[in-house]
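Taking it in order: structure first as structure tokens, then the write-up.
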Amino acid sequence: MEAQIYEREKTALMFIDPYNDFLSEGGKVWPRVKDVAESNNLLNNLRTIVKAIRQAGIQVFIVPHKRWEPTDYQYWKYPNPTQVGIMERHSFAKDTWGGEWHPDFAPQEGDIIAKEHWAQSGFANTDLDMLLKQRGITHVIAIGLLANTCVESTCRFAMELGYHVTLVKDATAAFTPEMMHAAHVLNGPTFAHAILTTEELLAALPAQ
Amino acid sequence: MEAQIYEREKTALMFIDPYNDFLSEGGKVWPRVKDVAESNNLLNNLRTIVKAIRQAGIQVFIVPHKRWEPTDYQYWKYPNPTQVGIMERHSFAKDTWGGEWHPDFAPQEGDIIAKEHWAQSGFANTDLDMLLKQRGITHVIAIGLLANTCVESTCRFAMELGYHVTLVKDATAAFTPEMMHAAHVLNGPTFAHAILTTEELLAALPAQ
Amino acid sequence: MEAQIYEREKTALMFIDPYNDFLSEGGKVWPRVKDVAESNNLLNNLRTIVKAIRQAGIQVFIVPHKRWEPTDYQYWKYPNPTQVGIMERHSFAKDTWGGEWHPDFAPQEGDIIAKEHWAQSGFANTDLDMLLKQRGITHVIAIGLLANTCVESTCRFAMELGYHVTLVKDATAAFTPEMMHAAHVLNGPTFAHAILTTEELLAALPAQ
Amino acid sequence: MEAQIYEREKTALMFIDPYNDFLSEGGKVWPRVKDVAESNNLLNNLRTIVKAIRQAGIQVFIVPHKRWEPTDYQYWKYPNPTQVGIMERHSFAKDTWGGEWHPDFAPQEGDIIAKEHWAQSGFANTDLDMLLKQRGITHVIAIGLLANTCVESTCRFAMELGYHVTLVKDATAAFTPEMMHAAHVLNGPTFAHAILTTEELLAALPAQ
């Protein structure tokens, strides 16, 4: 582990999809991630990171998935398989509890909420890259869900765009342990600049 | 398997990184992909697909990785781990045999060569999306290497951009079988519209 | 004037910024565009085009500017001069009449509303390109305001992205006649594929 | 004129299209820009700026137009009017004198050459944004040709991407004085953060 690399003024936390449907008991997708999340101590790690990031004065970006509305995707020529599933499941439905922020992770004053992404990458078809530039951000730290879909695509895009990219392997979850393994052991090392535990991340943040 | 979906005028083959260093005996990366490639019958499948695509009158796009030059990456702030490795290994070095097209897959008259990509996605920092639009392409079929890096990132981007995306699971390779499994069983089904074998692809192409 | 080029299934109308602040008596920006708009018969032409487009079965896209909110731009490093002005004028303010659709141009069922753009181009930092692809659109027709800023940037981007681009010179306005001249005589001919009058556009639409 | 804003480590000069065809006696496009260029003292100003930028230790980016090759554009569905013209005129033809760098402005060791752009914007379908990020650049200064096409589109894109953008009004040219007026008086003030003369730019550069 190198010396601290996360300068306060140039680093942002990207919290991907902090919705009840993903993170709360009763959420539509929670049953599919629960086992991995619990084995990972996910909720506690997310709380710990968000608190430490705020204390360090680092900018929080919320990177939210499109909240489902009835007309979403329905006349699209090529919705992807996940989007076809959302049309049936209504994940993150707008104006429902499932599409609200998990209460521990609701945006606070000064946080920046990027435009909702339609598929996997928080950069695709949104203003995330421009908003990061307008804050002078060069280093992004990704937490949230899912490790091998939205988090991975957001980070693959971040790397292509020229950012320094950090994954936090116990601040995310997926449907199966092997998907976590794919994200952090097979694929992550090809594109991410750092793959840390929550504890390692905390040690690398600037003093408060 | 549904009825044919690949209209001649709207489909393109994207052949990713058909370099000697990847595909030929003596290539710098070949030893790392050889086992998977041979178990997959990769070279024969690539030959079969390219021949069938040309006979069907479908447009071929070559999607090439940046050929390494001595100054590449060296003053970059955040080269990714793969790029750091390329600085040492000189994969696909410009004006060397390793950076030449595999002789069976060199572009032919009428093929389109997109700009070289710096990292994983053939769309990032290149003209691939625009050139596909200028040909009226809506469906892309990806073959080449590596399954979980350049092919996967190119296809994740293609999906975000609004294309119909097809993976061909025995027309690619990776360093290990579990990376192939990650690409085609764990991740591919979340973003790709079709994941076919070479045989299934051939059956779905328009009659010649 | 060539024979009809606008196929129903491949053409979209992009109506840029149809807000009260731009187009209605009492709107914040209306006094600055009124003279050009009236000399151009703008409102009538917009009504005529929208009606004809709907009758022809062509897809309508609304391409809206960011509705101003109090925190917009305020911690940005480099807001542009127009954005600095918006911070003072509060143009298109959210939840105000000025930021509502002009009543004649409110979206109807089946219209697609792209994400709001922060600056000039309806493609920058939005989902417009992807949503056009998901409908199979290759030809875009731009109407709305301002001719030399949002309309021009949206169309410069559309051209770079590979679309066929049509300007309608009497279905837009600007602050001065010389800005209209710049948009349609000096600059438009370098990037737009067609620059038509409303009458010429109507003649080129498919029969109903 | 404010105090100096161009930090050495965060600023880049973007020299757009420094080809013989644009800037040299005998160049294909030179006759169309000669009058404006001479009234502007263009060549001397370009030389002065490039020298001062190098002495200040500021990074030079070359932002080159696509050098014409025989197959360029020919099977495109929607080449723009300028591209149709290039197919006839063969401007900046590859492997010809016209497509070589003007001898006073050839890249030097350490300069970065972005990928060639196909139309007007040096950012569209190229690696310019990523390469700027990899150097930590936040401020771009645009010089070269043409004021209302490539320079303007490159700078409209730069602004949308989140950069601080500077035009230099006597370090560019166009086909007519009214095109210069459109670029610097009508349009530039809507998107550029600074519009300077060469003299003003020199005064704002960091001490050597």
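By letter and in written order, the chains are A, B, C and D; residue numbering begins at 1 in each of them.
Here is the rule we use: a contact is a pair of C-beta atoms (placed from the backbone, for glycine too) under 8 Å apart; a residue touches a chain by one contact, two chains touch by 3 or more.
This is a predicted model, so every value here is computed, not measured.
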item	value
Those chains which touch chain B and also touch chain A	C, D
Pair of chains joined by more contacts [C-beta pairs], C-D or B-C	C-D
Farthest chain (mean CA position) relative to chain B	C
Chain centre separation in whole Å, for chain C relative to chain B (CA means)	38
Geometric centre distance via CA averages, chain D-chain B, whole Å	34
Chain C and chain D: spacing of chain centres that average the CA atoms, whole Å	28
Numbers and ranges of chain A residues touching at least 2 other chains	77-78, 118, 124-125, 129-130, 133-134, 136, 138, 160-163
Chain B partner contacts - residues on chain D that touch it in the complex	75-79, 115, 118, 124-127, 129-130, 133-136
Residues of chain D that touch chain A when the two form their complex	129-134, 136, 138, 160-163
Chain C residues touching chain D - in the complex, by the definition given at the top	77-78, 80-82, 118-121, 124-125, 138, 148-149, 152-153, 156-157, 159-165, 176, 178-179, 182, 186-187, 189-193
